[in-house]
Every structure is written in structure tokens, then in C-alpha cells.
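Below are structures written as C-alpha cells.
Two complexes come next, and they have one chain in common, chain A, joined by chain B in the first and chain C in the second.
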Partner chain A sequence: MELGLVYALTGAALASLLAGIGSAIGVGLAGRAAAGAVAENPDLFSKVLILQLLPGTQGIYGLLVAFVTLSQTGLLGGNPVAMSNATGLMYLAACLPIAIVGLISAIHQGKTSVASIGVVIKKPDQFGKAMLFPAMVETYAILALLISILAIFAL
Partner chain B sequence: MKKDYTFAVARIRGREMSLLSNAAMEQLLASKSYDEALHFLADKGWGRSDERLTADNLLQAETEKTWETIGEMVDDMSVFDVYRLSDDYHNLKAAIKLCYTGANMDPERLFVAGGTVEPERIYKAIREKDYSLLPEGMSAYAAEAYDTLLHTGDGQLCDVILDRGALEATYAAGKKADNEVLRLYATLTVVAANIKIAVRCGQTGKSLEFIRRALADCQELNTEALALAALGGMESVVEYLAGTDYADAAEALKESPAAFERWCDNLIIRHMKPQKTNPFTIGPLAAYILARQNEIKCVRMVLSAKLNGLPDDMIRERLREMYV
Partner chain C sequence: MAVLQMQKIHICALKSNRKQILEELQRKGIVQVETDGQEDEIFQKMDTGNTRSAYEKRAQSAEAALKVLERFAPEKAGLLSSLEGKKVISAEEYYSQVKVQDRIVKTVNRILSLEKDLAEARAAQIRAEVTLESLVPWMSLDVPMNYKGSRTTAALIGTLPNQWTLDQVQKVIAQAQPELDAYTVEVLGADKDQTCIFAVCAKADVERLEDALRINGFARPSTLVAQTPASYAEEMEKARADHKKEEEVILEQLKALADQRAQIRFVADYYTMRAEKYGVLGGLLQSKHVFFVNGYIPAKHAEKCKTQLEEKYSCQVQIEEVPEDEAAPVLLKNNGFTAPVEGVVESYGLPGKGEVDPTGVMAFFYYFLFGLMLGDAGYGLIMVIGCAWALKKFPGMGDGMKKMLQMFFYCGISTAFWGVMFNSYFGDIIPIVADTFFGKTVTIPALWFVPLDDPMKLLLFSFLFGIIHLFAGLAIKGYMLLRDKQYMDFFCSVVLWYALLIGLILILLPTDIFASMAGTTIYFPAWLKAVSKWMAIGGAVGIVLMSARDNKNFALRIALGAYDLYGASSWLSDVLSYSRLLALGLATGVIASVINTMDAMLAGALGGGILAAIVFAIIFVVGHTLNLAINLLGAYVHTNRLQFVEFFGKFYEGGGKAFAPFSASKTKYIKFKEEN
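And now, the complex of A and B:
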């Protein structure tokens, strides 16, 4: 029995699962700091909200990769294509970059966002600079997304 | 599960903005009169609007506000016992003296807020000699101090017993704390107090037995060696300290007692400053409480100097580095 489709689906599931978990942790972490900032100074709401949302993108990238994988394998349209074990494993491997990098980078981005929220509390006019620090972490999530998407489309 | 302090730390970051900076302290110092200094502080949000503008009201209100703020953020206040235990022993001292003298005055006036035990409970325990009302550890010191006072009438000895109790309780709480700032605070408090006790006992010619009784046990200093050094006066205490981790303290001690006290406070403040960049632990909260206590201590000095017309330089020698 060919398990190719099972591997591909596992890849899609991992991409949305791990990247989603990472984002939930990151956004949750930054959210607690943002709530603390707003409790003391409600005027900071819009600034800290942006910083809170930054670690949320990894979850979206995971969803995108899972979506493309489901689409490529025909699972989305309800007509799954027959797939060898090797092809299925390749889909799984293609999903791993965003799954793993998404998980780890979102947590670290959340922590960096918390630190940046600390900067915004003390110096609200330095919001632009403070936002750059967590945005830097995003680079690696984008690179992982790129590799996952390129690999999936190449299959 | 390790407690998460992210929310509390973010709030504290906001509160840190209203701490007095070194520049603000200089401005306060530059006030032309006591009243002007009080109004400067009131403009900075110090005190409560429904209370009369006096130094006592202002400082008491700020101490209460600090604990109210922390209480809103932390479920278990026992983590801050290192800061609060000395207030318990202060209240215990007040209660014992009040019961011993039978003075007809409102106990509320003598008690301070912020301790771990309600002052009324302490007062009741002493009045009824029911030491079981007090926490373990404190009850033994309370019984010893009160009995000593009743039998000898020696108020100083009673104070010595309670001060040692406070120091040992603080030291024990520090050892249990899982944060570096709290541990450091407890250790330095006890070390500094022991050095001060040794110097004062040496200067006033106290006996070795008295000095031994006054010094609190701690691992950082050999109390027996310190007690023997105290007998030889300030010089031998300085000599003893030069061979310990607190050699810098010896230098400050040589300068003046005020310089030594400032050295102790500055050392803690300097160790606290890295906490500014640590947003997930209790460290910034611990640092904030200490910064507030330091700030209140400095303001008390400035106000008292303004009230008594002391020169600015004299105050400046005693002022500590500010956290912000």
C-alpha cells in the first residue's frame, strides 16, 4: 500500500500545526506585555498592537504552505492524486522548513516583541526602531517559507 | 510551573517612568524651602489629594501606593518577604514598647504598613502574651525580647534581639528566593547591618558577649571574627573587611559612616540596573520596589534637611544613585 498521500498530509498538518503553535505562543507572550503597557498608558494601544501581531505571521505562513500542499495533492478539491511513498516524503520534507522555523522563530519573535514593547513604554517616539528588532526575526521565517513553497511547487 | 511576569513587568516599565531621576532629585534639592519641596513632590504626583500635605503623609502614601501597585500584579506576595519582614519586626518592637510602657497612645501611629503580618495581630499577641499568633520564627524572638525587657528594663537589649531577628528572617527569606536581586538584597542588608553593628559596638565599647548577641548569622562574614575585630574599634573592623569580599566597604567606612551606608545602597542599585532589560522574571518588580524604597529614603532625607535648614552638600553626601 502506498502511503505517499499520508506523508504529504502529515507535512501539511505539521506546517500549520507547529507554525501555528509558535505564533500562538509568540502572540500570547507579546499580548501580555501589550496589556501591561496599555494598563498604564492606553495611548500606546495601536503601537503595542502592531508589535503583538508580528509573531502572528508564522501561523499564516504555515497555513499557506499547508494550503498549497493540500491543493497540489488534490486533497483540497476532494480528488486526491495517487502518490508514491517517495513523492509523499518529499512533500513532507518540503513542509518541514516552515513548520520548524515557524515554531522557533515565532517564539523568539514574541520575546523580542516583549522587549520592544518595553522600549515603546519608555520611549513611545522610538516605535519605528523598536519595531525593527522583532521584524528582523521575521527574515528567517520568510526564508523558510520561500524554501517550502519553492520545493512544493517543484514537485 | 514557573510564574510568568510579562504583564506585571510591562506595567512596572510604565511606572518606572514616574520614578524620580537624578535630575529631579537635584531639582528637589534646589528647592528654597521645605514647603517648596513638598509642592514639587505633590506636582510629581506624590501623596494623596485628600490628605494634608506633610512629609509623613506624603512618604506613607507613597509606601502604601508601591505595595498596592505590586499587590495588583502579584498573587503571592510572599516572594517579597525580604523587603517586608523588617516592617514586621519594626511593628513588633513598637508593640512591645507600647505594652511595656503602657503608654496611652493610638498604636496605629506607631505601626508601619507593608509587613507580612497585620500590626493588630502583632499587638494582640504581645498584649495577651499569646505568641502563637505570630509566625514561626518571629514568636521566639518576640518572647525573648519582651521577657528580657520585663526582667531587665533594658530597651537597647530588647532592640538588639529584635533587630537580629529581623536580619536573620530577612537572610533566610533571601536564601529561599529564586531571584538574584532578592537574594542580593537580603545578603547585603545583613552584611551591611553586621558591619554597622560591629563599628558602633566598637565605638561605644560594648562587651564581646553583647556584640555576639547583636550580630546576625550569615555565611558571607565570619561573625566571630567580626565580633573580635569590633572590640578593637573601627581600625580593626576595616582591617578585617579588607580580607573579605567587602574590601570596598572598608574604604567607604574609612571615609565616613554615611559614605558606608551610601556604598551599600549604591551597590544594590548597581546590581539592579541589569534588571531593566529582563522582561520575563520577577527581577524588575523586585528592582522597582527597591528603587521606590531608595527614592522614598532620599526624599525623606531631603525633606528633613530642608526642614532643619541643613546645607545641600551635607544631603548630597547621603543621596543615593537613582534607578532611572
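And now, the complex of A and C:
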């Protein structure tokens, strides 16, 4: 029996798993800092909420890649296509960038968000700049997402 | 798109007019007063610290009173009431309110003292409750708690730790004092922490009995009142009820005072303004008879302000240009289409000295890139309608909020435009609904193309948009250099870079690498290839030779030039950064399709009909709201990033100080009608 589909599904699972875990950690870190900020100054709620949400995107990118993989392999519609081991492994490889970069970048983005929330607490008018630091980290998740998606569409 | 030109204004007037002139300036709100003048023997600053802090304190009391009212008599507030903005009042209203300010201050103090009384009444109730609770085990005692005994007997009232039965008590007494038998002991009440007992014996034996009990932990109760527990409890009960009633009365009074909220808000703002006025006054140089005001004023208001002041008061107003070496405060002036993104520019930093206002150019790119990243006709339409509705419904909202909503309004138009171009209407809702509920296959042709079918095409276009964006940034740098007549700098740091970059792009286009990405091969004639090669070489050599031309040491000059040429790699990473346009655009569309697909699967499982339609609608609303919220945030953040890092990196530093006029606009609740 060919294990191609198993590999492809593993890839999809890893993408949503690892990126999702990373985002959960990142959003959790930032959320704790945000709660502290709101305790001190409730007016900051909308600003710190945005900063908290920033590390959440990796999870969505992971979901995106997982979904595209599932739909490309027919697993989503209920008619899985037969595929060779090699093809399955290629899907797995294609999922790895967003899975791994998503995991690590989301955690670091969460830490950066915590620092940025510190900026907003001290200087609420510097929100625009504070928002930029976590967004810098996200760039690499976006690049990984791009490679994952391009690779899956090319298969 | 411009930085408003500033001029310096100097006013010298008699002290007798000081109050009127300062109030007039504050009402006009067009002069930023400088308070860093140097004192000398004649001109000195006045110490207004005390008056100022007195006003600040009054403003704080008013704020505190408002908070109390909000706590006990909350105002009904809609979900969007924060958009309503400040209340506009006329000069007439203003002066009639100022007249009655003492009465309002009394109300404020009354509210604050009521709050204190309320806290006391509540504390008294809690004290009564605690006492009542501690009396419960004593209730069966029918003599006063401090009962000492009769003429011949002595009574012991107190507690033993833990739970005891009568037998146990008698047993320990017998063990400790075997010959003591003329006593009686009664257990009044017991729980697992303590046992309340009442013992009587002959007066002569009391010490022995007490000893016997004490070694087992006997203690007198803490409350010894000359009443039976039952009547004391009754008294406490009554006290509690009284305090409860008191609390209710205070709450009623507070609620009755709630209709004074508007006046209290007025005085809070009024005293804040007074405090600010005294702050400014404290920074002015004054002699015995005259005082000076120095500051900045936008050039367009300068002459009018001068004539108005000189007509009304005996004063001398002088207007002059801002000296070369001084950085004037910055106020931006833009039209309705570009002004909304001023907030974004401000959050990066206002234009510094000699820089142009990037708002105008940025606005176009901002809307364009934002729409590309969100790129869905349905989401765009929601943004347009939502923002337009809020702008119409709450005309009095604050400036910052208004600009933000206007910005999202234009971004919404752009989003809808790209949605139509890319055939995205809430993802793929139209074919899905047609298929699920009507069993038909509907396809809407995309106006341009569907990114999911050809992601490479959109990637290349993303890079193209990025290059245009970056070149626009470089062009603004060129414009600034030309304006300042720095022709050599213009040639070295703008023209040479254009030559190098355009040459490199032209070299790249006919190569196999590009062909494999684009799917088509571009053929250039030989002369164009030669031109591009020499452009790139010329640009590169020029940069190496010229970028460090101020350096006398030739070897160092070449080395620094080569380092500058290395900056070309940052252009590469800048362009690659625009790949986020594709990634985020795909993210919106694909997640929308995920929602639609799952929705359709569920509706399909329910087998169509009304129920399926309702479930479908609920999931549709919830799912797309979430997707819109997350991708809106993503598009906002990453558009800002592309502007701040990639675009501004080419020409803009910021660092200008915002124009902060001495005005009545720092109020929280009210706004004055302009009467200029």
C-alpha cells in the first residue's frame, strides 16, 4: 500500500499543529501583559488587544496551508486521490516551512508584543511604532507561508 | 499635501489686558505659546503654581464626582457612544454656566461627601452583621453577657476551644478539682471551633472553677455588654436596618443629583482650561506693567490675528518668519482624500525640518496596498457601509477617530475594487450558495484573474507594485534634494541608484530565472540588453566613486562607496517584502473559502430547507466576521509596515514636533463653537 496520503496528511497536520501551538503561546504571552496593562489603564484596551492579536496570525497561516493541502489531496471533499510516496513526501516537505517557522516566529513575536505593550503603557501615543516591532518578526512567517503555498500549488 | 507654514508671533501688551488677551488666544486656539523665555531683572515670570494646582484640584474633584455618579447612577450609554464626541456649547451657555460655578462646586462636594457617608453606612452594616453572627451561639443565654453572679454566687461566661458536650466539661472539671461539686455548668451552643458555656458556683469556689476551666482553654468573650444576647441582637438588627435605610436614602440622593452631570462636566472642563491658562501665564515674561507672549502661529492666520488683537486691545503684535536654525512646530494640511492617513504619518513621526509631508503620496499607496491585502468585495463593502454610517451618525466625534474611519472608508473602496478584480465575494460565497441551495453551477468571471489559480502572476505583480512604491519614495528624496538645490547629491544618491536598479531589472527580465517564474519568456533586442548592462555598470561604478565623495582619503572613499553599493541588497529584501501582498491576499480568500466550504458541508448534511438556511446564515455571519476582523488587523499592520519600513526608509526621517496650540480643545466633554 502506498503511504503517500499518510505523508500528505501528516504535513497538513504539522502545519496546523506547530503553527497553532506557536500562536497559542505567543498570544498567551502577550495576553498576560495586555491584561496587566488594562488593569492599570482600561483606556488602553483596544491598543493592547491589537498587539496581543499580532502573534495569532501564524496559526491562521498554518490552517491555511493545512486547508490547501487537504483540498489539493482531495481529503477535504472525501475523495482522496491516490498518490505515490514521493508525492506525499513532497506535500510533507512543502508544509514544513510554515509549520516550523510559524512555531518559532509566533513565540518570538509574542515576546516582542509583550515588550511593545510595555511601550504602549508608558507612551500610549507611540502605538504606531510599537506595533511595528512584532510586525517585523511576522515577516519571516509570511515568507515561509509564501514558500509553503507556492510549493503546494506547484505540486 | 503640505506642512503648513509657520510664523513667529510676539505680542507685547499691558497687564491690564492680560486676562482678556489670554482668554482670546485660548478661544482662538491658533498660537503655540513658548514658555522658555529667559528671566532678567525687569522681566520675570509669575509664580502661578498654587493657583494652577488649585484649579487642577477642583477639576479632579469634579472628575471624581462624575465617577461616583457613574458608579451609583450609571448613564445609559449605547455601544458606540464613544464615537459621539464632545458636546458643543455656545458662548452664551458658557458664560451662564460660569456664573453658577460656585453652586456646581457645592454639588460636587456634596456628591463626594455623600459617597463618604455611603461608605460609612455600608461599613456600619457589615459591623452589625459580624456582631450578629458572633452572637448566634449565645442566644440561649438569658442573663446579660457581663453577668457576674448574684450576692452569693459567681457566674462564669465564656468559651472553650473546639466542640464540647456537657459531660466532657463536667469530666474535666472533676479531674482538675475533684472536691468541687457545688457548681452548675450549661452548654449554650457549640460548633466545631468553640463551645459557649455558662457556669455558676458559690462565690468562694469561683477561682477553683475558673482554674479548672482555664487549663482547658476557657476564655471570656470579647463583647461584654450589659444586655442579654437576645436583646443585644435585636439592637444590632435594628442598627443594621437603620444603616440600610440610610444607604438607600443616600443612593436616592445621588440618583437625584445625576441630572447635574452635564454641569459637573462643564466645570471639570472649565477648571482644566483655567489650569492650563495659568500654566501658560506662569511661563510668560512680565514687567511691572507689560507682558510678552512669544509663540508660533500658522502663517495664514497671522495677519488676521494681529489686526484683531491690535484693534481690541492696546498692544503691539509683531509677526516674523521662523529663523533658519529653528525647527517650527508642524501642522499638516491635506485634502479630504489624503488627510485621513495623517494619523498614520503622525504615529511614525511628523516631518522634520526641511522634509516634505509624505501624506499625499502615501495616501494613494496606502489605500492601494491595503485593498490588495484584504482584497474581497464583500468585506470592502462592509467597511464602506460601516464607516459611512458611523461618520454620518456621529458628526461630533473626535478628529482622530474621524480620520481613522475615513481612512478605512477609502481602504474599503480599494478592498472592494480588488475583490472584483480577483473575483472574491466573501470568498466564493456565490457559487457555493448556488450549488448548495439551488443545485446550480454559477461562475463569475474575474475582472482580472483569480490569484489562487495563478499565484506566481500575483507574486510578480506584488514585486512590481513594490518597485513602483519604492521608486516613488526615491523620487520624493530626489524632489527634496532638487528643491534644496543640492544637485550633486541628487545625481549621486538618486540618479545613480535609478540607473543601477533599472539596469539590473532590465538585465533580469530576459533571463531564464524570470521566464520560469513568469511562465513566458521576454525577448529584448541586443541594443536594449547593452543599454541595461551599461546602465547597471555605470550606476554601480558611479555609486562606488561618488557616494563618499566628501572623504579626502581616496582608498577610504572607494571602500565606503563599495559599502554603499552593498546597500543594493537591501533593495532586494525590500522588494521581496512585498510578497506579503500575495500571502495576505491569499489568506483572506482561502480562509473565507474554508468557512464557506464547511458551511456548505453542514448545510448539505442538513439536507437543505429552512433549517439549513438558518444554520448556514449563522455560520456565515460568525465566520466571516472573524475572518474580516483578523485580516483587517493584518492588512492594517502590514500596510503600515510597508509604508514605515520600506517606503519611508527611502527618504523620510520624521522627528518633527507637533503644533500644540494654547487652546480650549484639551477639554474632555465640551467643545466651544468657534466665534472667530
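Here is the rule we go by: the second predicted complex is superposed on the first by the 155 of 155 C-alpha atoms of A that agree within 3 Å, B and C clash if a C-alpha of one lies under 4 Å from a C-alpha of the other, contacts with A are read in each partner's own complex, and residues count from 1 in each chain.
Just so we're on the same page, contacts are C-beta pairs under 8 Å (C-beta built on N, C-alpha and C of every residue); 3 or more make two chains touch, one makes a residue touch a chain.
Computed from a predicted structure; not experimentally measured.
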| item | value |
| --- | --- |
| Joint occupancy of chain A by chain B and chain C, clash or fit | fit |
| First (chain B), second (chain C), both or neither touched by A:N41 | first |
| Partner chain(s) touched by A:A115 [first = chain B, second = chain C, both, neither] | first |
| Contacts of A:L63 with chain B and chain C, given as first, second, both or neither | second |
| Touching partner for A:R32 - first (chain B), second (chain C), both, neither | first |
| Which partner, chain B or chain C, touches more chain A residues | C |
| First, second, both or neither for A:V137, with chain B first and chain C second | neither |
| Arrangement angle, chain B at one end, chain C at the other, chain A at the vertex (C-alpha, nearest 10°) | 50 |
| Which of chain B and chain C A:I149 touches, first, second, both or neither | second |
| Gap in Å between nearest CA atoms once chain C and chain B share a frame through chain A | 7 |
| Chain B residues touching chain A - in the complex, by the definition given at the top | 4, 6-17, 277, 279-280 |
| Complex interface listing, chain A residues touching chain B | 29, 32-37, 39-41, 111, 114-115, 117-118, 121-122 |
| Complex contacts: residues of chain A adjacent to chain C | 50, 53-54, 56-57, 60-61, 63-64, 67-68, 71, 76, 125-129, 131-132, 135-136, 138-139, 142-143, 145-146, 149-150, 153 |
| Contacting residues of chain C [partner chain A, same complex] | 344, 346-348, 452, 455-456, 459, 576-577, 579-580, 582-584, 586-587, 590-591, 594, 597, 630, 633-634, 637-638, 640-641, 644-645 |
